[in-house]
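In order of appearance the chains are A, B and C, and numbering begins at 1 in each one.
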Amino acid sequence: MAASRPGSGLASDPRAPNVRTGRRRRATRRPPVLALVVLALVLVAACSPPRELSGGGGKNTLQFVAWSYSIETINDNIKQFETANPGTDVQLSDYAWNDYHDVMATKFTGGSPPDVQYSSDHWLQEWVSAGWIAPIEEHCPEVGQYKSEWAPYATQGMTYNGKLYGLPYYADLVILIYNDKMLRQAGFNQPPQTWEELTSQALAIKQKGIAKYPVNIPLKKDDPWSIEIFYSLVYSLGGHMFDGENPVFARPGSEAGRALQWLVDARDKHKVMDPASLEVSEPDVVKTMGAGKHAFTVLAKYNLAELNQGNHSQKGNFKTALMPGSSHATVGFVRFYALSSAAAKAGKDKLTQSCKLLNYFGGKSDGEYKVVKRWALEKGLGFANLPLYSDPEVQKAINSWGDAKLERQQAQLARSKEGLTRFWGTWDISAREQISAAVSGQVGVQQALTSMEKRWAELR
Amino acid sequence: MGGATLARTRRRAQAGGGAVRTASSLYRWGSVAPVVALIALFTLFPLAYAAWTSVRGVLLTQPGSTPFVGSDNYADVIRGSAFHGAARNSLLFTAVTVPLVTVLGLAVALLLNQRLPGVGALRVLVLLPWSIPLVSAGIMWRLLLHGNFGALNGALLQLGIVDHDIPWLSSPRLAMWSVVAAHLWREFPLPAVLFLAGLQTIPTSVLDAARVDGAGTWQRFRFVILPLLKAPLLIVLVYETMIAIAVFDLVYVLTGGGPGTATTLISWLAYVITFRFLNLGQGAALSFLISLAILALISLYIRIVRVEGETP
Amino acid sequence: MKGRRALGRALLAVAGLALAAFILVPFLWALSASLQTETALFKRPPDWIPRPFTVANYEYVLTGKVPAAYEQRGLLRSPITQEARLLPWGLQNSFLVALGVVALNLVLGTIASYTFARERFRGGRVALLFVLGSRLLVPVAVAIPIYMTLQRLGLLDTKLALVLVHGAFTLPFTIWVLTLFFQAIPRELEEAAMLDGCGRFSALRRVVLPLAAPGLAAVGSFSFLFSYNEFLFALLTTSTVRSKTIPVMISAISVNPDASYTLISVGIIMAIIAPIAVALLFRRYIVSGLISSLGERT
């Protein structure tokens, strides 16, 4: 090497590696490099992902996108659909509920749209205005027959400008869930009727040492649930978020202000709400509720089934009551299967298959709502198909973890989310951020609401 | 080759035919053009495209309509409250992490420079945090810092140091410190390696002379070692500042910018504006501003390096 | 005096242990978490050593067999996501892209650096300065415009796009290091070889490259690590298993609240094996590359 050459500069160049070591190293370098190359080649030679996972199959494969809830159940349903419809191939991809909106936006605008996908009532207007999903009745006429059997708030959530854009996957309510055993231990026989009462019950539970943080609500700003839960608090107080397209939540003395203040006080003043509520999503809250760390939460109703039937230490102790607050109202929502515009334009075969998939999952096969009923029986998901309430199997299932009568009562007091427009999905991101900022103490309650109002004005 | 042969070879080479020595212009340009073109395609061109987009209103949910809006995007972004918070967070983050990572790197370098049993193994270990993807570092720290299920809270509770879970990621202040900690863990190997190399080139004769002159450990450090580390020190400072501005991966997996906007840094904001709010015009404007800041730092860096006698 | 030195050495030993712990604890916990069942992971205090020890999580990723622990839970929402089953192909993508980037750097970079080092020509200096200056541009500054460019070119969701983008970001460093190496090798060696009958490329191959091998190793391992670890571009431009790299996959799984923390840990462990191996095997070259890359001069 150049070390032996005077004046060559390499030896005295401190930037070069140690010359002597470099020479020794070269000889010993080969085996590791070879090993790496062999490993690399092995990986390269490994087969492509199996059909069910990859985007393979091409033209005859239906691309079905969902968020990551109960994937094995969906896959099993898909298998049954494929058996009933030989020649149809369905490939499922799932993404986190937290990311779902962003991922779908990228997919639709990046040129790789799926054929059938989950959607939600709060994104309906955005997706229709952007041209991403197609009016389902025009392309799959057979689905029109189900409309008369849906709960009105569900139909409302899937209809825009008079056109229907989906079939319900599930429709449910946001409810109060409490640990009855812990309440009785603290000396209370009745669930709270107002939010103030909830606070005092929580304080008593805390003081008696039954739970350090009796309240836990998923307020992670990335979790889309946090805004739906916030809406339900506002509704329960008899308030409104929007009047048509005009925000009313930032007015002084609004119920939204009271709801937000309640959350702030629960965390900071009374210290009854788990500080980690700001970093947890729904599944985490279910885990800690189930482990007996909290007594109260506000979640979608199917979580009650989860808590009372899943493998939790507190299983069976959970009950629901009407939402505290003067009006006891709450949020009702619908998640649905949508047909993408790309599938609608892709040619008769693809369209027919997509319609079949939609009909299988959201409609009737052999005269009954197979998939919807399965979700209700196995996971306790709510449903928009009213005839199912009269089904004795369904009734029994609901009563095994909940209260069918109470559920219907709460459903009657449920309203869909106000202010849904094509930019609600974008506004919602900053709204959740402001709510999280207020609860964490970063900004004041009125300031947060005013920022949310400003953002709405910016987007309009 | 012996010296005489070498001299003869040199004379022959200098007298030799031009066809052997000089390459054709075609070859010269042909050999560097692909590289230059590729780099230009992904640096100059995107910057120009960003500039073009930043003066137009481009919303992904309104395809087909891209009106010219002049400086509106820049004004909207800068005046927005989100920007103030993010700029403040980035400034705070930079002001905290750059000194910390420098000091930590220097301390580690001093430690690795000692003759200790096992120091060889340590020198190997020190590269580990830096070699893995940044997101995996972030996720590992999330597993440690999760409020309800994290290992750190578990350990603290087990040792009896605290009696309840600490909200590392859900308290605004603690969340910022959590990002700082994960960032330090990931970045400190770089200054450590640089300083170690610097330390190793300090001639022992200089240190011995100082010791003979009666200088204590601290004095040797302050008056002999530190001045000789000036070059790597400056470079680390500027480089780590650029890294601190560009932090994105960690925020993505550790806090998502939250709680609220407590850990929303400037590059995170650009991402959110573009891919969550789907506002490409404003996103391009903000990323253009970030590019300008970084270019300013790059020129500062080049000036420092040149001053130190470096040939680029 | 001796006592003080012993105390000093003891303190240094403690500091060394603290450093080792600081570095290793995150790795070890991720490893432990990946070998536990989900319920075990939530115990307070947590089991530091997995008890029960299970490889079911890895089995799920590699074969799709849902861990028995999940099935026993009855109605519990299962904490799996199909994303986790795509991890092996994420690794494949990451490897292919990284190797492509290494090849790009070693071939194009070597040729260009050799010219920069040996030839003087009009515009050459400017080109070199441009290339070297761009080595400091941070991805986030151009990520979004690059996304838009690729979208226009129809290159989204392809491995080729990643190779090109990563290549553009690693070439400046490669050229910087290799140009220095080539400049430090005396011309006379090649000229002698050429006079002895070698062509230009032959001279390059037989004389220059072996001498520059440490530099090649440095830029090769740097390019590999940069490409493998790169996240932002991969996140923005990939969307299906056709091109998704491992950092994108594990981050998606990690922010998915429906994914078990044990699955997340498996993702991390699988992702870090390759870069750690590269870093350990090539550490001398990486270190010298780091030193020369930042132009540090003592």
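The rule is simple: a residue touches a chain if its C-beta (ideal position, glycine included) is under 8 Å from a C-beta of that chain, and two chains touch if they have at least 3 such contacts.
Computed from a predicted structure; not experimentally measured.
Contact analysis places B-C first among chain pairs (by count of C-beta pairs in contact). Farthest from chain B in terms of Cα centroid separation is A. Chain centres here are Cα means. That of chain B falls 15 Å from that of chain C. Remark: chain A and chain B have CA centroids separated by 35 Å (rounded to whole angstrom).
In whole angstrom, the spacing between the mean C-alpha positions of chain A and chain C is 33.
Shown for chain C are the residues that touch two or more other chains, namely 42, 255, 278, 291, 296-298. Multi-chain contact residues of chain A, defined as those touching 2 or more other chains: 14, 106, 222, 284, 287. Multi-chain contact residues, meaning those touching two or more other chains, occur in chain B at positions 146, 149, 201, 256, 275.
Across the interface of their complex, chain B is touched by residues 9, 12-13, 15-16, 19-20, 22-27, 29-30, 33, 41-42, 44-46, 108-109, 111-112, 114-116, 118-119, 121, 124, 127-134, 136-149, 164-165, 167-169, 171-172, 175, 187-188, 191-192, 194-195, 200, 225, 228-232, 235-236, 246-247, 250-251, 254-255, 261, 264-265, 267-268, 271-272, 275-276, 278-280, 283, 286-287, 290-291, 294-298 of chain C.
Contact residues of chain B toward chain A in the complex are 60-63, 76, 81-82, 146-149, 164-165, 167, 169-172, 175, 201, 255-262, 272, 275-278. Of all residues in chain A, those touching chain B in their complex are 14, 101-102, 105-106, 109, 126, 129-131, 212, 220-222, 274-280, 284, 287-288, 293, 422-423, 426, 429-430, 433-434, 436-443, 451, 458. Those residues of chain A whose C-beta lies close enough to touch chain C in the complex are 1-2, 5, 8-10, 13-18, 21-22, 25-26, 29, 32-33, 36, 40, 43-44, 46, 48-49, 53-55, 67-72, 92-99, 103, 106-107, 110-112, 222-223, 281-284, 286-287, 291, 305-306, 309-312, 378-380. Against chain C, the residues of chain B that register as touching in their complex are 1, 6, 9-10, 12-13, 16, 20-23, 25, 27-29, 31-32, 34-36, 38-43, 45-47, 49-50, 53, 108, 111, 114, 116, 118-119, 121-122, 124-144, 146, 149, 151, 154-155, 157-158, 185, 190, 193-194, 197-198, 201-202, 228, 231-232, 235, 239, 242-243, 245-246, 248-249, 252-253, 256, 267, 270-271, 274-275, 280, 283-284, 287, 290-291, 294-295, 298, 301-302, 305, 308-310, 312.
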